[in-house]
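The structure's right below; bear with me while I get my questions together.
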Amino acid sequence: MSGSKGLNRQQMADLAAEQFQNGWVVNLGVGIPTMCSNTDIGDTDIVYHSENGIIGYGQVAAEGTEDLNLVNAGGQNVTLKPGAAVVHHADSFGIIRGGHIDVTVMGAYQVSCGGDFANWKLKGQKGGGIGGAMDLAACAKRVFIILEHTTRDGSSRLMAACDLPVTARGVVKLVATNFGLFEPTGTGFLMHQIAPGLTVDQVRAATGAPLSVVDNLPVVRLAG
Amino acid sequence: MSGSKGLNRQQMADLAAEQFQNGWVVNLGVGIPTMCSNTDIGDTDIVYHSENGIIGYGQVAAEGTEDLNLVNAGGQNVTLKPGAAVVHHADSFGIIRGGHIDVTVMGAYQVSCGGDFANWKLKGQKGGGIGGAMDLAACAKRVFIILEHTTRDGSSRLMAACDLPVTARGVVKLVATNFGLFEPTGTGFLMHQIAPGLTVDQVRAATGAPLSVVDNLPVVRLAG
Amino acid sequence: MAARSKVVGGFREAVADIPDGSTIAFGGFAMPGTPFNLIRALLEQGAKRLTLVANSTGGAQQPRMPDIGMLVENGQVAKVICAFTAATRPTDPIPFTKYYEAGEVEAELVPQGTLAERMRAAGAGIPAFYTPTAVGTELAEGRETRVINGREYLLEYALPLDYAFIRAARADTFGNLRFHRAQRNFNPLMATAAKCTIVEVDEPILPAGGIDADDVHTSGLFVHRLVQVPPAPEGIWPAKRQERRK
Amino acid sequence: MAARSKVVGGFREAVADIPDGSTIAFGGFAMPGTPFNLIRALLEQGAKRLTLVANSTGGAQQPRMPDIGMLVENGQVAKVICAFTAATRPTDPIPFTKYYEAGEVEAELVPQGTLAERMRAAGAGIPAFYTPTAVGTELAEGRETRVINGREYLLEYALPLDYAFIRAARADTFGNLRFHRAQRNFNPLMATAAKCTIVEVDEPILPAGGIDADDVHTSGLFVHRLVQVPPAPEGIWPAKRQERRK
């Protein structure tokens, strides 16, 4: 992926996953968010929910042991943890809309400092791919977004306002990018952690909205 | 029950039950309607549904064999037929509201020739007992009512208009009383069967709306 | 998921922190699924100004089991939301009716299917829905209706709960539940609608995973506290109903 | 209940009478629960001007299995109601997109949870409901919203079906169904919303009562025709997914 500076995909997922708290019910979107379940978060007790009605799935099934009738939202053959349960789609989205998901982690094309984000439709496209993203975005207690900080041509995906059709407005709590961890504040982004080897000025130059920085800005600690 | 002329309680239930058609899903209300499941209707294949989520219950359990966690809507300990299933209350009323009940049979205080009926609130009472009656009445494909033709003081329960608060309007398809079987026509009642030993004039005198009669009016055939 | 156990030591402990003014739903339809032991514990705990949600207020059956009518009689209740403030048959009066008629407690009378759906809606994030039930009746007077495809419907709102008290046949430590037969009734819905669901369980509580994922009726996501019902007479179990004398 | 068997002889017979212009929903989320054999039979049967309802139009996976995109390619489809007219990742195009962009088929794009709830509503006699999903987005433009308790919600209508095509693991002759794991997905909802539900079943069909009443996922009330899937290669079974080449 474009040899960009900063964190790789798994490290971006780690940055989001390290914010999970004990007992949370977590929904992971397709792509990089799926990798959050690989992150070592110690004995933090997480229930992974998938919108096709799987409550409490675990690792991807080992080669040769797959149950072809057991998939997560990304279509991967996963395993179940003890205590797992299966429900149908209306009950699964009842869980989502009913506010029972503590955090949903999704990929996106763009995120705004007001907490809007866009991930279902490209510019000028007819239709798009919504899936469960709008339900999750509108109803989970928290939305975390993971995305590359900039597009291939270098323009920022962290913006003052999204110019693509949004998935939901004002919902994003945290943004993990290859440059660090950010919080939309309404008027800009507050950087909570910075990727190793980058300067605040570099990040600011790559961010499409005012950037502020926490005191004694921590550098992202890389696993392993 | 007031030693009235005409049919007894089980015979009134039989009159309604004989109208059930093969394959129907039937909901029986508390009281006389419950007795419809005792009627011998040959090999007519009926699925009895109870609003507490039992699909396919059978006879009342024999003394000493009761499952205390298995009851019908009247609280009787019943048995299950092969193919029975249990659902929760929202799904059970989804079955009702969704139009999947072919007939609901209920008791009532009054029924009108316009197909209204009243069975939840007495005159001047504060509150009442609705249970599932309003859902069933509004949503079953057909409503059959079983009631005594007259009150203890002799006034008719088959009326031009109900004067008690109604349970639903314009929904009653058939009415079984101790005097016979009746159809609300909008402007009166059409008598389809008459109880043995009664004359049309006697029934007409006991009916609070215009009474018409089918050609060659059959007399109710009593079982056994 | 396996790490957390929701098992608490007893009924007293399970209801100890319930504050005055709470909205509490009680599962059960006739005896099956009724949380008799939790009702008794709440009678002893004494929380006041409660709003209770249930199909009925109880007391129509012999022998009389702990029922929410007793909470009314005990002065703990401000309001009851239910499908019966009076019995189906006027010849079988229920104890609640006289408190209600005397104005000692408020009531909101709701058709049974609407009551179930309002709790299902609360749990599923649906703030309001339309239903054909009760259109044209006294219950619809002065309320908002809407014609959709030529039929008139009544607008109903979600009914969220602070607590749900329910009974199940089987549970694992994560709180996954199975109900036996007619025990199920309102119980799964109330669990989804409540901030805190407390379950009395018939059988010894299993380790997490003791119920296969395809066989779970209510996910532990919706369950917060589990108490196993002890054998009678310490624990209260459904009894065989006796017919009322006429 | 035991008298009627809903088992039919084959897939061709199961879909033979489906008329042009029908609205048909297809269960499945990725491979689990997808009625591959019924889709193939409908391709052969040839009904036209269909409205299809499904989570996605398929074709994103290798190997390509029978999917409703093939019905589009076969000229049988007027409209698709789904949560994806394009793939999640623009790098993984799906076959349907080009027919849609060329105007050869209509589409109604619906968020996945709203799609599920609209069918659940149709089956449960709820003509319309409010949801927070899609508020403030392009999908809500020009549509009716309502503020309830300070939050804005979108009005959504029930989605009734003529037919549902689904797949289950186990069935009895009355049509009671069990799904294995992620097979469940939309399938139970579609069954409630359809006038006629046709099920392809993995295992030999049991006599009525072969599934305990507490273990039924979908009641036979909602099921009209059952066909057992023959072994491969005659029957089509889920295959192991291969990653797309990038």
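Letters A, B, C and D name the chains as they come in the text, with residue numbers starting at 1 for each one.
Please note the rule applied: a contact is a pair of C-beta atoms (placed from the backbone, for glycine too) under 8 Å apart; a residue touches a chain by one contact, two chains touch by 3 or more.
Not measured: the values here are computed from a predicted model.
Undergrad: With chain centres defined as C-alpha means, what is the inter-centre distance between chain B and chain C in Å?
TA: For chain B versus chain C, the centre distance works out to 28 Å.
Undergrad: I'd like the Å distance between the centres of chain A and chain B, where a centre is the mean of that chain's Cα atoms.
TA: That gives a centre separation of 57 Å.
Undergrad: Whole-Å distance, chain C centre to chain D centre, using C-alpha means?
TA: The computed centroid separation for chain C versus chain D comes out at 34 Å.
Undergrad: Got the chain C residues that touch at least 2 other chains?
TA: 117, 120, 124-126, 131-132, 179-181, 213-214, 217
Undergrad: Where in chain A do residues touch at least two different other chains?
TA: 54, 80, 86-87, 90, 93, 96-97, 139
Undergrad: Classify the inter-chain contact topology: is it line, ring, star, complete, or other?
TA: other
Undergrad: Would you mind giving me the full set of chain pairs in touch?
TA: Inter-chain contacts occur between A-C, A-D, B-C, B-D, C-D.
Undergrad: Okay, in this complex, where on chain B does chain D touch?
TA: 23, 25, 43, 45-47, 49, 54-56, 80-87, 90-91, 93-100, 139
Undergrad: Give the list of chain D residues in touch with chain A in this complex.
TA: 29-33, 55-56, 61, 83-90, 97, 100-101, 107, 109-114, 116-117, 119-120, 131-139, 169, 179-189, 217, 237-241
Undergrad: Within their complex, state which residues of chain C touch chain A.
TA: 1-4, 120, 122-126, 172-174, 176, 192, 207-209, 211, 213-214, 216, 219-222
Undergrad: Which residues of chain C touch chain D in the complex?
TA: So the residues of chain C in touch with chain D come to 117, 121, 124-132, 146, 148-149, 151, 153, 157, 178-181, 213-215, 217.
Undergrad: Which positions of chain A touch chain D when the two form their complex?
TA: Answer in residue numbers: 30-31, 51-54, 66-71, 75, 77, 80, 86-90, 92-93, 96-97, 121-122, 125-135, 138-139, 165-169.
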